[in-house]
Amino acid sequence: MSMPAPSRLLFHAVVAAAFALMLAPVVMVMVISVFRQEIVSFPPPGLTLDWYVNAWDRQEFARGFVSSLQVALMATLIGVPTGTAAAYAIARGWLPGKGAVNTLLLSPLAVPGVVAGTALYMFYLRAEFWIDADITATLHGLVAAHVLLTIPWTVRLVSASLAQLDRSAEEAAANLGARPFTVFRRVTLPMMRPGIVAACLFSFIQSFENLELSLLLVGPGRTTLPVAMLSYLEFRIDPTLAAVATVQILLVGGLMLLTDRFVKLSRVV
Amino acid sequence: MSMPAPSRLLFHAVVAAAFALMLAPVVMVMVISVFRQEIVSFPPPGLTLDWYVNAWDRQEFARGFVSSLQVALMATLIGVPTGTAAAYAIARGWLPGKGAVNTLLLSPLAVPGVVAGTALYMFYLRAEFWIDADITATLHGLVAAHVLLTIPWTVRLVSASLAQLDRSAEEAAANLGARPFTVFRRVTLPMMRPGIVAACLFSFIQSFENLELSLLLVGPGRTTLPVAMLSYLEFRIDPTLAAVATVQILLVGGLMLLTDRFVKLSRVV
Amino acid sequence: MGNLVLEALCKRYGSSTAVERVDLEVKQGEMVALLGPSGCGKTTTLRMVAGFIPPSEGRILIGGQDVTRRPAHARDTGMVFQSYALFPHMTVGQNVAFGLEMRKVGRAERDGRVMEALRLVRLDHLADRLPRQLSGGQQQRVALARALVVNPAVFLLDEPLSNLDAKLRGEVRMEIRALQQRLGLTTLIVTHDQEEALTMADRLVVMERGRVRQVGTAEELYENPTDPFVAGFVGRCNLIEGRLEAPGGFRAASGALLHCDVEAAEARPDAALLALRPERIGLQPDAEGGGRVAAVTYLGAQTEYLVEQDGTSLLIIRPTPTLADPLRRLAVGDAVTLSWEAAAARLLPAAT
Amino acid sequence: MGNLVLEALCKRYGSSTAVERVDLEVKQGEMVALLGPSGCGKTTTLRMVAGFIPPSEGRILIGGQDVTRRPAHARDTGMVFQSYALFPHMTVGQNVAFGLEMRKVGRAERDGRVMEALRLVRLDHLADRLPRQLSGGQQQRVALARALVVNPAVFLLDEPLSNLDAKLRGEVRMEIRALQQRLGLTTLIVTHDQEEALTMADRLVVMERGRVRQVGTAEELYENPTDPFVAGFVGRCNLIEGRLEAPGGFRAASGALLHCDVEAAEARPDAALLALRPERIGLQPDAEGGGRVAAVTYLGAQTEYLVEQDGTSLLIIRPTPTLADPLRRLAVGDAVTLSWEAAAARLLPAAT
């Protein structure tokens, strides 16, 4: 349908402005991270990588980066197989109350992050009281919290790939003499592979960038990168932070593009 | 496909455990909020609504609730029309670089919240320097940040409802004598309605529960609820927080269920 | 109401041509079918008439007026879409009323005309339903009523029966034809189904790869195809390659000499194909002619025979012989003699 | 290879019955078609044979062995799925080899048999392609090769042609039939297309609403239907309600007295329907018989006439008359006389 020219022009202007506004902060932070001066001025006072060196020199960022990587990897390794199993069970109708399960899987979007973090923290405190062992400041506690984050994403990404899977391919395999486990290993699993790869990458990203769940659960000396950034922010704002932010944007953005090659994210996320 | 009984049992146990683990913290926090004692013990020491009263009496929560509502409403009112226009433009192929636009719309998932918050804060500081006016601690600044959050969600929800829209209904209207704007008003817009309603509810939720963008941008006396919870957490953990969390879970969960009636969220989110 | 004229209508997309110089007149009250396989340009032609696609060249005239540059909403055509394209958020009555509203017809007159149009398609009792509450056939009829209520100058139908099941298709086909004749509608219908075109239209336009191959009544196209594509697309046909051999014979590429009409042969010296309808070939169970049965397929009312004769395969379709007829016992390998009237064998130029 | 026997096979879902007591034997090397409209239980029956659906009652025997309780992977059936169901992540060769791998056939023999099976369907040059790189018809042939390479005792085909276009369908139909006859496969095919069933199968099983309506060869079903559903589903048929009036007449509900066979009438005192094939009715252009033409539809090789006679509508299909024939000029409103052999009019019980 075509529109009269003036209203169409206005319309394009609004849309363009919206997109520009969305991109501006990200571009700005990248620009700041390579400028020599703290305050941006014209003409630019020269480019530098000093802020990146500075960020790496500060122990909290370097360590935060390492423990974020560690936690994200472990959460992915535990969460993705569990979530995949759940997705399979849902797709095969083995779970009663499919609707309830689907609603539950929206929980990472529904339950505010701070609320979930608080709830987990309180839950851990009670659990510590009962089992008489540390949870809150341990790596296990943190990983367990992040696993909860990765499962719903995994279920949704894997479910999307299962939905496209032709059930009759499994029947064909059985018809050709394959036992149930062989069917799963030789036919079902390979057909789910794109979804599983996407789930791994995506779970990693979600865990890596999470602030709210980690905030109360990190222990001394095991601060994740987002928490380290927040702590740093409380004292000062300088281009060091822009450098850290840029590294994260590039890392996560790169992983997203990689994931997108396996599953069209815009369709399933 | 059927599985041998023992492996199937194990499988079910894993899936059930995963779901139980996901629900446990939420249930726990709700339980804590209505128990008289701070430490849960058996038999339960009696139920109470005191913690809710206490939460409301604390100014920061009451005010936080109100300003969260205010910001979320304004962000929704600005973000949804803009996002809807963008979705329409994308669906009609008026925008060049459709792939780039879709990738950009994944940004709320791709750019870590703390990074986005930091980027926005730095952007605002520079902008303040140039235009010589306050942004960071103002309501406008906060709302603008949340608008950025609502746009991508709106575009995706509305795009999903546009994808199901039969283009030929618009052609039929033109064929029956309707001018382009009449076609849009009488046919296109009503057919997009479920997507727009879902986008409103969902944008509201996303804004209402956001912590990371708000953290650096709230002004004195205009703290949002998630920020207020975080500040409170730095000093103490008690069932008051559980009461606040429960209210939010119920509010947001209720809105999610309402949204789900308009658009099957599990398909588009 | 008026006639519809297409003059040298073309549509090109970059270097590819969707529609190549279509000339056509649909007379007042006439129903013309655009028939062809998918991708032949028939839908593009219809959409150019409706105003959804701008032509690259040529003119479109409705009732004598050039509407080539007019937008769709100012063209006064009534179109029925393949998907019906009903407005899902409006009731049946509101759907039908939409065109009258756009024409600023007053409320009282509007209501009357809506009910009249719905009565025409026997759906006046369902005016308050939403489209999704109706069956496919009922939705189709609402789409008809919606297009007809505004008395369009030209009525356009885009594969109107393709979403209906086989049984319903026959009914709706008769209903559309009856309405069209009763109201004297100037109608252009697009279809890929030759039976649909043969049963509904006064004249057929057979299209292939953007070009009009032949225009004519069902009988003209079936009995006198002038193009090998038309011969094969409208009905089934044996198309045998070869060349004329004077007098009165056609030498097939395989070597067989086939009987054909001498006068027709003189009129078409470029003949490269012999077209022979399978039901125009007679079959005798004797060895004289040198034919051999390669396959017999019983299809109930009819039986198909595949006969090899001097290296040429011919399909023959006969009404299934009665039990007493010796043909009934014809089996694979039996010797047969084929025969046809000289006039039944048509000579055609090579396929382009 | 062996025969396939179904004994009183039933499938119920809660209170609804999908398949009701099906008894059937498919003999060694025979091809039997399950034919019926969608939802008639034909696919459920096939899937019970393959082992994908457990029967509620009854037995399934393959080569004399009761396999009713055996899981799908231990049944030795070779199935071709409607969607082809190729493994998308394996090459054509790996797809075909899968069944042999499951049977632990050694690598050398496996490779040989895979190539042999692919040669059978003329695809040996594409063994290294992935399924998505093939056309629909080629995918279909890979599915055939994959099912055949393991020499299954019973060959099962689930609407194998429904995803192919009209032209390809004819070819693949012949190809499957030729393979089946050459290899002597015991075959059960499911289809909703009567032409497909008539052309491919040795015998047909017509099903409706979970029940077998009639079993027989194409000719038995077409010429001697014993059930009104079969008469209307296999070929077209005039079904006229009424009752017998001795001697030799059938009084239609509209009042007309219709000619029928006396002996047949005596054998079927419960007759409530007269079944008359449209091509078995003769047509004369004179006023004697009191018929009146209500519609004439030219369809190329055939012409359909709708004739009103004493309040009864009859469909008549004749080969299109030649130009010289006075029937060629028959138009709506003309008086005609109908005639048919007494044996052509079959008496049937009321529809159930």
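Letters A, B, C and D mark the chains as written, and numbering starts fresh at 1 in each.
Following the convention adopted for this analysis, contacts are C-beta pairs under 8 Å (C-beta built on N, C-alpha and C of every residue); 3 or more make two chains touch, one makes a residue touch a chain.
Model, not experiment: these values are computed from the prediction.
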| item | value |
| --- | --- |
| Each chain counted as touching subunit A and subunit B at once | none |
| Chain pair, most C-beta pairs within the contact cut-off | A-B |
| Mean-CA-position distance for subunit C and subunit A (Å) | 57 |
| In subunit B, residues with contacts to at least two other chains | 2, 174, 180, 183 |
| Multi-chain contact sites of subunit C, meaning residues that touch two or more partners | none |
| Chain contact topology (line, ring, star, complete or other) | ring |
| Pairwise chain contacts under the document criterion | A-B, A-D, B-C, C-D |
| Touch list for subunit D against partner subunit C, complex | 194-195, 198-199, 218-219, 222, 234-236, 277-279, 297-302, 317, 319 |
| Residues on subunit B engaged by subunit C in the complex (per definition of touch) | 166, 168-169, 171-180, 182-183, 186-187, 190-191, 193 |
| Residues of subunit D that touch subunit A when the two form their complex | 50-52, 71-75, 77-79, 81-83, 85-89, 98-99, 102-103, 146-147, 150 |
| Residue ranges of subunit A touching subunit B (in the complex, touch as defined) | 1-4, 7, 11-12, 14-15, 18-19, 21-26, 28-29, 32, 39-40, 82-83, 85-86, 89, 92, 94-95, 101-107, 109-116, 118-123, 125-126, 129, 144, 147-148, 151-152, 156, 170-171, 174, 180-181, 183-184, 188, 205-206, 208-209, 211-212, 215-216, 226, 229-230, 233, 237, 241-242, 245, 248-249, 252-253, 256-257, 260, 265-266, 269 |
